[in-house]
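Take a look at the structures listed below.
In the two complexes below, chain A is the common chain; its partner is chain B in one and chain C in the other.
This part shows the complex of A and B:
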């Protein structure tokens, strides 16, 4: 305000300098506040989870299965890994194929349709995906709550992330690499599989890790599809519900027993630690691939 | 007896007389026009590159040298909305005839780019890439032999033989460009196209590339685009001068540089424009 009223007296260049200093200051303030807020939120979340979880985390969590609202979380740890990895295995082939198609044949008539569908899928609430898989797989196909139904729900949720990162990764392959390959008599297929794929692999893997982190943390779509089980997996893909960590958080935190709370805290700590580790791994991967490409 | 002597003399004379005859054409174009979309950038280019000679293409920036070079291995096909009319023959074969295979053509006509572009693989895998995609030298021993031979030809073997499995990007700029030449030579092309292969290199690396081109001339036909007139004068047998998408003149290098037939050529060579 002071700057505005004084402006009639200030020569234009100085006025510009004043305005620049003001916007500079504003920018600094906003980014500092944002940084502090974000930092405070992250740290306090991890603090709260770690403080409670650390008490609850004893060896039995990893060696015993859940008994009612007590026992361990072996069944849930195993189920979470099973569902997340299964979901990825289902999502990677079509997701990468769609991403490669969008990157390499983006001018095709189908490309906008595919991209639109992928965008819709990103925005779709995960509980709606769970509901859809429940109707189709659990009820209509009669699979019941099962590993396969849960993995399919997670695959649908991961699909657009894998598509997007694959597309980006393939687009980032420098044009002169493709030209060099073509000039040596490479076909389109060779260019995609033997040049772009190796060059893009680490970026694609970053996207896969992101999808893995999302899958590990998903709850809603699994409630309808995987169900819950106190037992470790017996190898059946259908007709056999599986446990998972986020269920333990969701269901046990509202139970009126100390043992149930302990399980919920331990599960929350495990999920968070897992997501943190995956994030750090993908960061390291990105840094390594950047160093490599230079 | 004198009769026999005479015949022997004729037989002896025959090989010596051959170079005087018209050398075979490696590449010949007739009235080539080329368009990016609706914009025409090459006009009626009729040009011949004799076998085992170095043909230099010179001319101001944007006159169409690279575009012309890329019509010779159909690399322009990879750019959407381009069109070519006219005839391009490579070793007598019309490469734009319906049914002609651009992939097979590119095996015979190698291309070296202005900026070296090794793949982010090991030195060995770079040189072996063309062999792999073309299904050549499938046995490892054959492939290793081809890698060594190509690196030898490119004058790089002694510098890299102890580190074939290290990343190509660790090489110097000049070494990377020679690696790209080795990579192109591995699939035994007949013709080598070079688009300003030394423009990003220092004088020493440049002279290595020039020596290499002169050595390779004994086996390959080379067509080289260059901005460096001294370079064209040093290494080429014939020079073609392009201006605004047209071929102004083509002549033996010596003749073109000392006694150009056209005024535009003389203006360009004396630096009056361009």
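This part shows the complex of A and C:
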């Protein structure tokens, strides 16, 4: 605190106290305003999507496929679920294995390297992943725009999230449980799969839900891997493009037609609502598992 | 008895896929972009012209490679657009995010903290393309019609704030929306660091007669410095690689360096989406490989930035035992 000059009537001590109190009030005001700004932005985004999307949402959205820039979004809804679930199926085995390895065999020399690379993988720009899968799978392997190429791109993006949450989940399991099982002669595999996994399951599920939310909301890695299709999926994993909701948002909002805008808003509402529901569900799950472990 | 396939080895090999993917992506782009790297040299980063050349002419030879006449690949404008939009985003997001974290950690009772924090953390869950849609239908009309004309009229004496206010698509709009996209990361990390901080630190400062805010500003926040820097770098990495939102609101400038803060820009990530189709038209394949070089540059920046942030946060975890 700088010394106050004696150029006014107010005694320096009292002035300093006043200034300290003002700084205090100002600081808390700034922090409150910062929070309110962010809260207002969140509400503005959800309101913009909800208000416009509610007008656009009608039964045909769920029952009809897209016709040009009109019709419904049945093909895109189905495609989004297909790609997201496909991506998860591909990402869960290696992601969980990495998480288990980091949690259970963390003393290994490979563990810090794996954790570091998984954490760096989170920061990989999603368009770079899309470009990679495009050249390798769509062009070089000749799969064309396809469900499998799109699912692989989403799997690469989901991997580090599943790894991280699985590691956390298995770390939560009390060491006593493992020691007791080992003392009874159980092997590594038995301890981890039969003893730890049931306890860690709900936390692992939280990570899977998080990855699902991310997959449903992704656009950039799918543009050049899944393509776009006006038809529902015909069961082919390759050589058959797939539609998805985020494409409808991006492509249709810049079209000059009312019907196209309506599809974009409806798609945005569906994606946002889905992500919101998953976020809330995973939070409740996390809170429940925390209570459980206490 | 020696067992070749143990459970430990099984998880190491299957889990190793996570690491292998990262290595594969980096190695792939180095090999893929190599012809373009050889052709473009350092001019790639210092010149400002992205030109596919005459697509209807016969390829000519330059530096031992077949190339379309007039083709030139320079991405200075992309580097400028990427760095400037990220700079705006980080400069806005770090102080606002940190102060919002202060509010959540110090002003909200702990029973309500999770619920109130949700308002900010929800921003992290919103997909990039939804941010883009919001930017396109709400932010751009508002900024372009009301805020930017006012700014040029009243703040035009400041550098970069004068000149044509444009239509709303551009550098500042992209920076603002990017700031909102990265802010929850900073808020969540700093809030957790403040909440899990050693209480004695705070109590000692209060006992010495510091006010609550003085304690926070001079003792508690400085103690989270490393977390703040680490999350700031992570947020920087995310802003650098953000694609869809920027694509929809930045104006997608080509071969154009921003003159003021309202200028249209392109970023490296958004440029890949907007140019891949036309780059594929080049029969010599150099256009698409040069675009691969853009992806490689972006990839290496992301690896370095994220690697640095992680090492910093690991170190914090070890020294103070707080979780990030």
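As a convention for this text, the second predicted complex is superposed on the first by the 262 of 294 C-alpha atoms of A that agree within 3 Å, B and C clash if a C-alpha of one lies under 4 Å from a C-alpha of the other, contacts with A are read in each partner's own complex, and residues count from 1 in each chain.
Keep in mind that, in the parts below, a contact is a pair of C-beta atoms (placed from the backbone, for glycine too) under 8 Å apart; a residue touches a chain by one contact, two chains touch by 3 or more.
Because the structure is a prediction, the values reported are computed rather than measured.
Superposition of the two complexes onto chain A shows chain B and chain C fitting side by side, with no clash. Once chain A of one complex is fitted onto chain A of the other, the partner contacts of A:187 extend to both chain B and chain C. Using the contact criterion defined above for the overlaid structures, shared-chain residue A:232 touches neither chain B nor chain C, since it reaches no partner. In the superposition on chain A, A:259 makes contact with neither chain B nor chain C.
For chain A, the partner touching the most residues, choosing from chain B and chain C, is C. In the superposition on chain A, A:195 contacts chain B only, with no contact to chain C.
Contacts of A:107 after superposition on the shared chain: chain B is touched, whereas chain C is not. Shortest separation of chain B and chain C in the overlay equals 8 Å (C-alpha atoms, whole Å). Comparing the two interfaces of chain A, the one with chain B and the one with chain C have residues 187 in common.
Against chain B, in their complex, chain A makes its touches with residues 107, 174, 176-187, 190, 194-195, 198-199, 292-294.
Chain B meets chain A in the complex at residues 73, 75, 78, 80, 103-104, 106-107, 110-111, 113, 115, 117-121, 129-130, 132-134, 169, 180, 183-184, 187. The part of chain A that touches chain C in the complex is made up of residues 20-21, 23-24, 27-28, 30-35, 37-39, 41-46, 48-49, 52, 93-95, 97-102, 104-105, 108, 110, 113-114, 116-129, 131-132, 134-136, 156, 159-160, 163, 187-189, 192, 213, 216-220, 223-224, 246, 249-250, 253-254, 264, 268, 271-272, 275-276, 278-279, 283, 287.
Within the complex formed with chain A, the chain C residues making contact are 6-8, 10-12, 14-19, 21-23, 25, 28-29, 32, 95-97, 99-100, 102-104, 106-107, 114, 118-123, 125-134, 136-138, 180, 183-184, 187, 211-214, 216-217, 234, 237-238, 240-244, 247-248, 269, 272-273, 276, 291-292, 295, 298-299, 302-303, 305-307, 309-311.
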